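In the two assemblies presented below, chain A is common to both, partnered first by chain B and then by chain C.
The block that comes next holds the complex of A and B.
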């Protein structure tokens, strides 16, 4: 080992140093700002999470799996996963190995930031020893890995379908500059190291390249321009990084511990919302996922473009995009970095000024309390009920539009001998979720307070719901102290398992549709499937579970009109009828109404199926 | 005095020449669908807020058109934005968005 230049410095390191210090300074200031934008409680929670070994372990796992190996993309498509992880992990290893080399060979240079990056220029190591050739080989190997990723990335720009993506993001100008400089970095590094390989040593890639190049470029003075070019490419990439989608590289490092600490989106543009926007890698997975994408013009309203417009502060487009969304949550479910597209949109809606605010002070919940609180007194007379359960059934607004569901539910409850009361027999107060979806938190809180009073004073042990929209808000926003909140699919699954409900199986083939709020919203996937399987043959749609397609009727969208939703509904029906089922089963009154408009076969709620398949 | 079970009401005649319709026209320019309402009453029948404030988007639109803004605001004050009126509307009017737009562009008398 010998150092070629005693000074350990050449002017070509300056562009790199400039870019490096700029990006480090930018990210440091950004991180401090974001942490200070959190509410004091959230900030405390965030710092304390680092002391929790369980969360810390999860952080470390996520840093490796998400940032470097891109495990979620591997699951989506092998080629897409390889492309991203080869560039990220390969580059990471090159940086780490560079530092190890500096540490082993020239520990006195550790403080010189550019040394690990331009190591080959400054230091010659013999490749005839085991130790020398080992590092040479590793460096060349990971450079090859990165280069293979770059080749795939170039192919992907032209043929994204090979990577399992129908549509890919339209890059902005800064994204393109970042992209091209990123593509340039590694071939230039190969070239620079190739020129130097006969002095510094090299392995299969650099040494071979050196031999080839020397046949027509033997003048070693030519290597300086390539090292300059390599440094300049790094500088351009790092200078454009904060203004392009590549900001996701540093942002995701901070997002992972914040997500694991459980910090919620509280402000439209500050704190974790801002961090999520910057963590968006612009990969475009959300574009194909979006159910609105069936209308081509709507593909500009995917989460990736919302994030871009928030970065640009384009208020008109932010409003348009966030109002249009169905809030089905599929973009959040598929996002490889965990950008919560639905929550960010609700937050954008919440900062909109309204002159008129609803006022529910005239609504008297006492009459409703009187109607439901006769539970305790009558409870003891009913002998047949198991373990003293007192079920309060809240059908919800949407179920009032589909009275069949309520009727069947009551019938099933009677057949199973459940001790129940209706909470909204003659109409009740809305659960508050539609108001929350519109971003109007205060009126929603008022409704939640009134409903909480009614439920708490009823003496119920279980709150049964037919509508997943209600279910989500009851689970997330209500504080009901120990009252179990349960959807009718879960409840029937339990009744069947306990043998209180005897369902006759049949040969009818049912395609089960996962309602957005039940599946992605509350994570209920298996129970409804078990219930359907008990009554007939369960058929899956082309896409189901986490990737189920919204029916298009969602209350989430504020601006989509009746006609604009038609194509989305038809697309969702086609997805469900891929296997030609006899009927479509859903577990949401809103989905039932929406599908019912356009479906070519019966659309029924899961409770109606069970009611028809049970005797007395 | 009030032993007859009926009383004299003030005239409910509205002089449309004297009504300031600028707000309503603004509403219609943002939400052209507001004019497509045919007052069928489907929304009135399904509204869960109707039992509390007599809310019905049909009546709100009529009141705004006639300049009776305070009455419209009173009806609207109990709207819970549940969206049932939108789902039953035979004209496919996005009534939920109309409610939000009214809340945005109209102001209460005392605030103006």
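The block that comes next holds the complex of A and C.
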């Protein structure tokens, strides 16, 4: 390889250099700002995580799998996965190979940032470098990969259904500029390299194009405008990048280690929340996932649009979108970059001023403490069970409204000979989750403190819950020093496995509905399925597990009307009854009430099924 | 030839219509799906506000319509529209051709177990208004023992004016029925405290207000404005009701021996099914839609089909009877205008 130009410079590199320095500067300042917005403890945790080899290994794996290969999109739809990974990985390889070429053939130019990008313009092929044809081939190959991705991207704009997406994001004006400049970059590069391939060398793609071009454009001077165009396309793309969805490319690089370090969303607009907003690639996977989407107008309230409005500081829309959400967490579960739509929304709610300051200090927890604190002394001698278990059962307010669940639960506990006490037999204190969902942390803390007192003074070893809404808050917000927190589905699974509960199987076909808070919220998917399978034939809905559809009754939404919720419930029921089960089984009192309102077949809680299928 | 008129539903509306049609010289046919005539009223004990025995009313109606053709335990299988008449196929294999159909398909009681928080079907001491009437009539209900009761509660508007129960309409009769039943129970258990939990008292009818005043003044029945939030059970097997007294602005809790749920009137699915055979429109509340809610309550938008009674919405007994007569008059004037 021989250099053609002594200076190694041409003015056409200036647009590229301008864009590159702009975007680098922007991202660097942004990253520093975000890191400084973290609380000191979080910041320390973040930096220390880089010293932990396990986390570092996960970071490296995530960088490759998420940023370059888009593994999560591959799992969703092969074509969608190929489209994204071909552009990302192909481009990445072109940059890496470009640098290798510079390093091998013109190491003296390594400090010139533009050199690897416009390498073919500055060099000529010599006989001695013919073994470089290996790199020529790779460069052409990856360029082809990227181009194929871009062709798919163009097709996707017109026919998104082929890619498994019913609805896609409406692009903003900056997104469109970014999109078109991105589409332009690679064909222009091909054209530019095609012009110079007879001098600089090339492979199957550029060489062939060179021959075609020379057949009607023999003037060498035609090459310069194409290199200019290539550089300008790069410049436009990089200048628009911070203001478009393509900001996700640099933002995700920082988000991955921050997520792996376990930094939580603490502020609505600062730190990791801001970073997540910028990491949103605007792919629109959350639009189809959102259960509110059954009403078409609601698709503009998906997480992707929340992120956009937060970037724009459109307070009216931010409030509207964050209040409407059911907080079912499905957008979080399907998001390929890990934007936590539900937590970001709760954070938005938390910064809103409230005129009413409820005072819960007069709620008396002492009578409840008295009711449970003789637990150890009175009960333990009567029933001696394995591992000296003392189970405190907190039914919760939703279960108080579905007394059938509580009655069956107590019956099952008695049948299994469990040493238990009710924590809220005569009315209990709210677990605090509804307040937390509304973004009101302080009143929630008050209730959490009181409940913690009651639970700790009971001497229980296990806290049993029927309501997944409570379960999540007990698991995440309570500090109960070693007291096991367990949902009744998990508990019954254990009782059955230990042989303490004998369930008669039947031919009844049950469709199991994963409640949002139990499945996506606490990761409990298998235990309830085993329990249902013990009592009858387990049937899955069209979508289940991580992608189960919210019943529509969620406490999460502050503004959704009854008619809209009805449509969501009917949609969720249709999903569950796709395989025509005899009954719908759920594990959440709220889902049970909501489905019961519209379902054409019985809706029961899992514990009611087990109670009816166990003898004394 | 005597004109045949098919009456679908043998409740009080159907019977009253049949007896009046007979008087006018027509030949009515009553199709009743159950094994007895008189519908819901036949299961009732006494009627407000004069505590008239329901049995007397039903017996009189049956006696005056005995010359009609009556098919019990029979349902409509399908209805075909002919040129200017209808061909009705019954489940017993008989088919009838008629120009006139009178829908008196009535209502259905709201399934109280759907409001699970009130504990119907879960706690033994929770019954419905209909269960209570049945007990008044027969004295048989294993949930009610004859030993004196100390406290009894009534919950108004169970499944009425409740969007979450999918019924936004007022059932009209439950307020006064609760007062009537409260007085009847007070007479049986004079020492019991009786509480009525209501959101509004809608006492629109003749003598209803007097009845309410009497219940408070003469019988000492307590009326508490506020909805019941939840119902539980204590160790002795009594029901604990939690509610809010919205006049006092305080949450309250009472322990009761018996809780009566005032199940509301909701649309009858069988009625909707039959209506769909004739492509009759259904209103937003699920009941049949009259061609006009002021002027033509008894008329349907289809030629030759008429309505009477609670198939078009909750109604009291006198309203139902009046509508039956009105529908008969409509049919009669229709027939006579055709003959001219």
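As a convention for this text, the second predicted complex is superposed on the first by the 608 of 616 C-alpha atoms of A that agree within 3 Å, B and C clash if a C-alpha of one lies under 4 Å from a C-alpha of the other, contacts with A are read in each partner's own complex, and residues count from 1 in each chain.
Note that in this section a residue touches a chain if its C-beta (ideal position, glycine included) is under 8 Å from a C-beta of that chain, and two chains touch if they have at least 3 such contacts.
Please read these numbers as outputs of a predicted model, since none were measured by experiment.
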item: When chain B and chain C are modelled together on chain A, clash or fit; value: clash
item: Partner chain in contact with A:559 - chain B first, chain C second, else both or neither; value: first
item: Partner chain in contact with A:427 - chain B first, chain C second, else both or neither; value: both
item: First, second, both or neither for A:447, with chain B first and chain C second; value: first
item: First, second, both or neither for A:596, with chain B first and chain C second; value: second
item: Partner chain(s) touched by A:407 [first = chain B, second = chain C, both, neither]; value: second
item: Partner chain(s) touched by A:520 [first = chain B, second = chain C, both, neither]; value: neither
item: Contacts of A:356 with chain B and chain C, given as first, second, both or neither; value: first
item: Comparison of chain B and chain C by chain A residues contacted; value: B
item: Superposition clash, chain B against chain C - the stretch among 4-12, 22-30, 40-48 or 76-84 that is involved; value: 40-48
item: Common interface residues of chain A - those touching chain B in one complex and chain C in the other; value: 400-401, 426-427, 562, 593
item: Contacting residues of chain B [partner chain A, same complex]; value: 33, 46, 48, 51-53, 73, 76-84, 86-89, 92-94, 96-97, 100, 102-108, 111
item: Chain C contact footprint on chain A (complex, rising order); value: 400-404, 407, 426-427, 562, 593, 596-598
item: Complex contact set, residues of chain A against chain B; value: 352-360, 362-363, 397-398, 400-401, 426-430, 432, 434-435, 438, 440, 443, 447, 553, 555, 558-563, 590, 593
item: Contact set on chain C toward chain A in their complex; value: 114, 116-117, 119, 121-123, 163-166, 229-233, 240, 242
